[in-house]
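Next come two complexes built around chain A: one with chain B, the other with chain C.
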Partner chain A sequence: MTAEAQPLPNRTLLKLVAAAGLILLVSIVVPSLIGTYQLQLVIYGLIAAIAALGFNLLLGYTGLLSFGHSAYFGVGAYSVAFVVAHLGPHSIEFYLLVGIPIVAITSALFGYICVRHTRIFFGILTLAISQVLYSLALSLYWVTGGSDGLRVPRPALLLGLLDFSGPHGFQLFIRSYYYYVLGVFVVCVVLMWVIVHSPFGKALQGIRDNEVRARFLGLRIRRFRWISFLVSGTFTGVAGILWVPLNGLTTPDVLYWTFSGEIVFMALLGGFRNYTGPIVGGLVFTYLKTYAVASTEYWQLLLGVVLVTLVLVLPTGIVGAISRAGQRLVRRNAVK
Partner chain B sequence: MAILAIQILNSLLYASVLFLIAAGLSLIFGVMRIVNLAHGSLYAVGAYVTAWLAGRGIALGVPLGWLFLLLPLGALSVALIGIVIEPLLLRPFYRRAEEYQLLVTFGLLQILEDLMRLLWGGTPLSADTLIDALPILRIGGLFYPAYNLFVIAIGIVAAVILWAAIYHTKFGVMLRATSQDRRMASALGLNVGLVYVVAFGIGCFMAGLGGAIVVPTQAAVLGMGVDALVIAFVVVVIGGLGSLKGALVGAIVVSFVRTAGIQFFPELELAALYLIAALVLLVRPTGLFGTA
Partner chain C sequence: MILLKTVNLRKQFGETRACDGLDFVINRGEFLSLVGSNGAGKTTLVNLISAHLQPDSGQILLEDRDITFTTVAERIRAGIARSFQIVNLFDGLSVFDNVALSLFSRDGKTVKMARLADHDRDVRRETLEVLGQFGLASKAAALAGGLAQGERKLLDVAVAYALRPRLLLLDEPTSGVSTHEKAKIMDTLTSVVRGGTVTAVVIEHDMDVVFRYSDRIVMMHEGSFLADGTPDEIRANKDVANILLGAPLTA
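Up next, the complex of A and B:
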């Protein structure tokens, strides 16, 4: 936090770029090292990371805990499903083109209502509004397919250049889709980095830390929160858009409020006070949940225990704990 | 006409169960400033324990009338869980940010939901023999179980007792003092820790009682707690979080809207409820009777 407050010194920036380059290099060679199933998991993880990254603009940087982010993920997923059913072209670019405006409009609308409140009421209001969508998705079955949901076939990538209808289509799709999602993920990470380090992002953090002082400085608090909500919801919506072709199906479950709880869980697991926290959290949570579901029927119990222990013992999350341990190490070396 | 009467009775039945859940939620928030996301699951635990005990009781050949004693037993068991949870899990969080309190209760919700599945399995647990223990009434040519009237009566009695306890006893004064200013109450020599445990216990007892009295009319199923929590939120948002009167009015409003919704616009019934809640929050942020 303190390092980010000042303009980054050249050496730190260099280190940062080097680390990012290394991670990127590893992620590019990953598909040739692991099988299709594992790769699929990584894609799910990246998508969860995008969702949590968007969510954290609200929690970590604006200080608003939304318990209804499933709504934007679900709106993204359902808008893709509607596009498939009614408009035709099975192309992921087309999904994004149609889906992002829908998600942005939805978040703008819901955000306008929700940012009138803060703290606990904000949480309850976001939850209530997301439940409106859930109950509509469940009961308007002639539009949404009810609890059966809507099917979404494998789309073509890169404006139809890559088509996956032939034999071995699935493996090929997963492999190409990995790179596609990775690309979108990198764009999202860079974009969010720019946002939180821009004057706008600084203003959000100022509002989070001291609302009264921010108001005295002349900041229009509600508008800042509203835009933050809009950006946050849109990022999470993009995650929903990317998720649905991979999953092949969207059901009302992605709109239910416990899924919002999972997004909160991801941010906390990684650490919502760090920029990279939600990214790590999204990836780790995906693995945690997959293995918990595979190894025991009572995976929810396991996740609950992890969550409670985490909040009790490790409130700064994985990244927070690592960075603190790192700082301690540096300080010890400096003393020597 | 008879149908209308029965629909009104059904609404009141639903209202009294909702009131029990929402009043517990509201009481806990009012005193401890914690929104307990696991509250619905505690209600479900009450339902499961009662249904399970009733099943045992019938197997052992306990006379039907005696089975009614199981209702407070189911509620008490939930209160016991609450008394264990509060010092163990919630107490470390009073001084920390609200986010952590929400998360810890969300974790608790996940744990409780799966524990119920572990203990009682996926098949619904029913206790409808309790309905048979009371006569079936005839209202204008239609049949209506007297048990439903019993539930409504319990709701009314619980509301009166709670109101009397909060506004006309010494403990009620302590409760309200702690709710208004925890540090001042502590400085004046109140044992705030004890007040918190008791308040949380009472809140859990009410949730458990709601579950216990509802289970004969509808079986205990997985997920009933998670659904109930969201409806209870609607109730407290309409009535005002932390207000007893609000919980009562909210429960009545929600149950009548729901009954009418199922009758006239079944697809939009739930959506209508959430929309009402959102509207109330917009117009009166603290709900109809809230002060928080």
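Up next, the complex of A and C:
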């Protein structure tokens, strides 16, 4: 939070770019270091990070806690499934081209209704809307496949240049898809970073901190919240679009409220007061859930214990705690 | 020359008449103090002028233009800005960003999403200029939530002032600060107001501050005006003295 609050001098910006470049370099060599399964997990993690990043524009920067972001993830996933079933080319670019406007329109529509309220009323409205979509996905089985969901085959990448129908297609797809998702992830991270550091982003943070003062600067509060909702939902929807070809199937589970809870968990885990918090949270949560599910049938209990511990011991999340420890270390060294 | 006037302005809360048919005039360029005991109607009057509240009846005219039922955003565009009795800041933002956001809003730049706020040179220069005027330039990078009370009061006024209003309404800008800080806040405030083209209306309880800094003083009592004049005229007014000492009014 503190780091975000201060004006960014050019030297800080340079350090930031250097750190991001280093992480990107490591990310590029990752596929040659790990196996297909682990790489698949990393892709799930990157997708979760995009979803949490979008979600956090609302929670961390606008001060609105949505319990219904599964709706936008699910709409993204189902829009791809519909494209596969009814339209044409099995290309990820085509999925994004069709899916993003659908998610944006859905977010704009639902956001228009939800931002008329704040606090618990906002949270309940977002939850209710996602549950309506879940019920529709279950009951309109001739369109959505009901509880069986809809299958999505492996798409081609780069406008059909990379096709994965041959032998070893799966391994090749995972490797190529990793780079594809990494590319989209980088674009999302940069875009969101610019948004939260823009005058628009500052206005959102102002509204989050003090609505009355923001109103007396002439800011139209509801309009800002609405646009924030739209952008937030669209980012989470992009995650849904990228997720479904990897998963090969979308079911109503991605629209259910517990999935919204997982997105909230990711932001809390990483720290919603830091820009990188939800990214770290998305990645860590993916591993945490995967290994919890694999190690015990009481995995939900395990995640619950982690959540309670997190709230009590690390209220600022993983990134917040690391950042504080770093600041303490710097201060101690300065005293010496 | 009249900047703003109210005509028979009324606002009632249940049985209480907070503003009881007020005909009020604010002249351009003056430093006007609104005084009176708690519940006299001072804050209600400021809330009505700033559109925080809507009147039950009456008119508010800004340079003869009826603005009675315009919104907060429209009043700000018309040149009316305010600060609050309880400091209202963006505590999670830096001191710099608090003022910069005011400027972005004034210039209609808050819609910009694809440009970094810190890279707007005009806003950066003007923000530092305003912070310099209020003696807060050295605190630019600090979080507003971490400032001392006196600095928070100054920043609260600076945020309103950065909108470059024609009429600045300040609700108890020196409440809750030490005597030394009071003088600093008021000296800063008067130098800023007198140096520019701003008209200031200040709600204040400390009569030493009021008499020292005001061009004109208006005393309110139970939703009405009791006295209106220069500091000397008000000082000589027996009703004002009685109210301040808690004695009954003269017949």
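List of remarks:
The definition used in the following text is that the second predicted complex is superposed on the first by the 329 of 336 C-alpha atoms of A that agree within 3 Å, B and C clash if a C-alpha of one lies under 4 Å from a C-alpha of the other, contacts with A are read in each partner's own complex, and residues count from 1 in each chain.
Definition applied: contacts are C-beta pairs under 8 Å (C-beta built on N, C-alpha and C of every residue); 3 or more make two chains touch, one makes a residue touch a chain.
Quick caveat, the model's predicted, so the values are computed rather than measured.
Once chain A of one complex is fitted onto chain A of the other, the partner contacts of A:300 are limited to chain B, with no touch recorded for chain C. In the superposition on chain A, contact of A:140 is made with chain B only, not with chain C.
Contact comparison for chain A: of chain B and chain C, B touches the greater number of residues.
By the touch criterion stated above, A:208 is placed in contact with chain C alone, chain B being left untouched. In the superposed pair of complexes, A:217 makes contact with chain C only, with no contact to chain B.
Of the two partner chains, chain B is the only one touched by A:113; chain C is not. Of the two partner chains placed by the overlay, neither chain B nor chain C lies in contact with A:333. By the touch criterion defined above, A:194 lies against chain C but remains apart from chain B after alignment on the C-alpha atoms of chain A.
Once chain A of one complex is fitted onto chain A of the other, the partner contacts of A:32 are absent, as it touches neither chain B nor chain C.
The residues of chain A lying in touch with chain C in their complex are 1-2, 5-8, 194-195, 197-203, 205-206, 208-210, 212-220, 224. By the touch criterion stated above, chain A contacts chain B in their complex at residues 59, 65, 67, 113, 116-117, 119-121, 123-125, 127-129, 131-132, 135-136, 138-140, 257-258, 261, 264-265, 268, 297-301, 303-308, 311-312, 315. Those residues of chain B lying in contact with chain A across their complex are 35, 37, 89, 92-93, 96, 98-100, 102-104, 106-115, 117-118, 226, 230, 233-234, 237, 241, 266-271, 274-275, 277-278, 281-282, 285.
For chain C in complex with chain A, the touching residues are 50, 52, 72-73, 76-77, 81-82, 84, 88-94, 96-97, 100-102, 104-106, 109-118, 120, 124, 140-141, 143, 159-160, 163.
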